[in-house]
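Two complexes, one shared chain (subunit A), two partners (subunit B, subunit C).
Moving on to the complex of A and B:
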């Protein structure tokens, strides 16, 4: 209720951009996305590929989009976003094997970002830039991105190029039994290692006809630095315990295709396919199908199903299978071979008079999904999106 | 595996080049529907994030590519 009042209090500053080109900074829309995620499994990388993966995460993300037109009638959009995740993890609690509830049991991640873009409607071009930051106990990240987009002459197609760089620091939190001094020290005692990610994302969207539009997506991602996690254990065949060791360079190439089709008056077919490959030997096929059905103009239900087949990295082996002669090794099942199924449904409600009668609370979306991985990992997620406009 | 990729790419090229018709702004009512956006929904934000953590494969979805978090 307090949230509704907060949102309603912004309503007087809202401006309809389609009729009036405001040179004053105005709120375009505000989105609040809240999620609860829980998972369980028995292949924790922290304990070398065995042990609980139980994890709970509460995530809240507030995104405020502002806009203004400049003297040349170009639309400037400012996106100010802040996200806060709080999680409890039974596996990261096992950084200290003797602990029942240690300092690593829970953590909070805060990740603000600011993005700006300027759209020149006559030329059909958009340029943009953004900054992001993320902080949690053992991981800090600073990100920057640049964007360029150009529409085709008939405005039915658009090419977008985005360059992203993340300069990250991993705190070297080692399993307690592998520390020279043993036991926990202060955060400053751990030391850090760099992890840099550089990504070029290209996409092309095309309207095929009045019912069908498609998108081609391609990323080229280069990562350098410390690419494992220091508290992931690996047990060798001789029973000895080691820290996960992975190459300090990784090149990823995902290629995606999306097609959305409006069939009849009520059914929409949203489809997505991705092929992924990298130089660690991982390759994957992901297919996603979602079928939103409009029960009426204001309410829709969207069942969905996502399937992934992943061929794991050559550096993966389960508990006590790696040999001392190997250079690189991990028992992280996220990098192993598996099939995964993710299914559920979303509900979208956007009444004319606003959700709960609040005029500017334009829509509410609720979505639930169940994830099942062939390694035994299972998870559930429920998310809520409130949109104020 | 390679054959299925080639067939997929050919299919994608075929539908995107052979049957395009120029659609005017006033004909875009269905295309502009909120369910027709060519990107992940905003409500999927955390979903996409957990998939980046739980799977080695990521990217090509207009969102996260692997940096910025202690994920893969």
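Moving on to the complex of A and C:
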């Protein structure tokens, strides 16, 4: 018989022919049952002491969540998310050197996504797929992903494979002095270029014991198309200015290892190491340590430190070092050799009654980080994360 | 921490013990402890062995009080409390049913008349189980009366095995007595235990589930065992008040802190019916229940949410 009629309700059914009437129990009767059974199966509680302690709370404080299986006993999870964030950035202003009218540049990014996954509990497998869209002033992205995960027989290990493809369009927002014609309008019609990214991500997580969990991560990322940023300038030895020019294909391989250790109820040790290499000649080592400490149930502090050592791409040279004879050139210091340090702390506050007494505002996290790169870049980053439920 | 399992036929039922411990060398001995505990309870409660304390009580029905162990005395005391709050829908003296008059099985095509049915259950009345606390004796008032632990024994045994394992230092596990189970701690992957709720038409299939720890779950159901009489479905469970088979509910699942309580409540809720059964559960602290009726409609107490 189909179970499609299975719906949850709490109402009288016409189908039972019982002569038993609903009856209000006396406090004594409830007390008696509670005193026998309240203490969670402890036999000493079962030894029959008649309820002498007063039962103040007779509310039902169990809270059970049932999940439904479909006919093949699979769990379906369907997620639709729409994210909107608004960012401001000082550096974006410098695209238009001559038209620096606002104090800083602001843009709004909208990125709806639809994700679906299905878990087969008996086989320990999950399959999933998703679509995403992201739209910024100068960047449009369409993404598709497929996911497969399988747990080991003892369910302590899980292997996940994810295939992702992003088909992006970059608006060619050229530095003003390199624009042809005299368009000075803020949103003139720029050209666009395609950028396609295909990524295969493999990960394996293993629960060593209740305190220690480790994960191995490996990715293979192939990018094709226009991979530079149109508004990055390069100055040659002769003083001439050009748009950066980079190969139209890039293969990136990051390999990572993560270990989380739960040292008691108050402290978690999160560690992460990543090796990165690509065919532009970049190789990098990153080590990260974060120590979330729970001060009390509502407040925690997470100090963190991240160190990166990077050997830069062969296409990089600083200001006025590139020669006109080179095919590829960039002066973007993100692609140069450097050591960097990033340290700071997050402060997370999640009071029972909601942040500032706002019930829907579940938690608030303030993160501060200081970033210091051997190329001379220093920055301070403050982010505020609000979780709304 | 790895998981260790053992299956064993005990008390006429399939028991399965699952423990998650960091002691591979000790796991078999720990599982032995649990099996021994069930065997001990079986010896106390069985009505098959003539020398069990339970059988001594039955043999002396209408004759004299029998002194019993504190453990058995208190179990009967608790069972009688369940009888009180369920208006007798749960009754330890259910075994007094007179099967010579009418023995319900799935081949039945007619019901007994009301008078015969009533006569069948004349000896069932928990108020005639006389408990003398000072002398720790049990006396069944009438000759022919019998008590049995079919409706509470499996749950009690599961709770006891759990306690023995906890005392031995086992922090995570499940004792599953053919569907009456209690859980504590966590699975080997650190998550709460996943417990499926049997499909009312096929006990080997789950139609839903939940993630729990520290809770006990018991289910009683007809499954395929019902009789069609005059176009109506009847369960093999007899209402101890009327002597007639019950109808309307296909399965009852109770979730509680304690396996004995969960086990003991499933049958009376089925007997009392959906309305009176749910009204009872709503009044009991830390008890939840799921009822599935003949039309596969699900009813739950208000502390159960469907995800």
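As a working rule, the second predicted complex is superposed on the first by the 262 of 389 C-alpha atoms of A that agree within 3 Å, B and C clash if a C-alpha of one lies under 4 Å from a C-alpha of the other, contacts with A are read in each partner's own complex, and residues count from 1 in each chain.
Assume a contact is a pair of C-beta atoms (placed from the backbone, for glycine too) under 8 Å apart; a residue touches a chain by one contact, two chains touch by 3 or more.
Treat the numbers as computed from the prediction; the structure is a model and nothing was measured.
Applying the stated contact rule after C-alpha superposition, one finds that A:154 touches each of subunit B and subunit C.
In the superposed model, A:243 lies in contact with neither subunit B nor subunit C. Once the two complexes are overlaid on the shared chain, A:30 sits against subunit C while remaining clear of subunit B. By the touch criterion defined above, A:121 reaches subunit C but does not reach subunit B. By the touch criterion defined above, A:292 lies against subunit B but remains apart from subunit C after alignment on the C-alpha atoms of chain A.
Counted by residues of subunit A touched, the larger count belongs to B, out of subunit B and subunit C.
In the superposition on chain A, A:209 makes contact with both subunit B and subunit C.
Contacts of A:372 after superposition: neither subunit B nor subunit C is touched. Residue contacts after overlaying the shared chain place A:67 against subunit C, while subunit B stays out of touching range.
Overlap of the subunit B and subunit C contact sets on subunit A: residues 33, 37, 39, 57, 59, 61, 63, 154-156, 207, 209-210. Per the touch definition, subunit C reaches subunit A in the complex via residues 1-3, 22, 70, 73-74, 77-78, 81-82, 84-85, 87, 89, 159-160, 162-163, 182, 184, 186-190, 194, 196-197, 199, 201, 205-212, 214-216, 239, 241-242, 246-249, 255-261, 271-280, 282-288, 290, 292-307.
Those residues of subunit B that touch subunit A in the complex are listed here as 5, 8, 12, 15-16, 19-23, 25, 27-28, 30-31, 33-39, 41-47, 49-51, 53-62, 65-70, 72.
Interface of subunit A with subunit B (complex): residues 31, 33, 35, 37, 39, 57, 59, 61, 63, 109, 111, 132, 134, 136, 138-139, 141, 143, 154-156, 164-166, 168, 170, 195-197, 199, 201, 203, 205-219, 221, 223, 229, 252, 254-260, 262, 268, 270, 272-276, 278, 280, 282-284, 286, 292, 294, 300, 302, 308, 310, 312-313, 334-335, 340, 342, 346, 348, 350, 363, 365-367, 369, 371, 373, 377, 379, 381, 383-385, 387. Subunit A contributes residues 1-3, 5-13, 15-25, 29-30, 32-34, 36-43, 46-48, 55, 57-69, 73, 121, 154-156, 207, 209-210 to its touches with subunit C in the complex.
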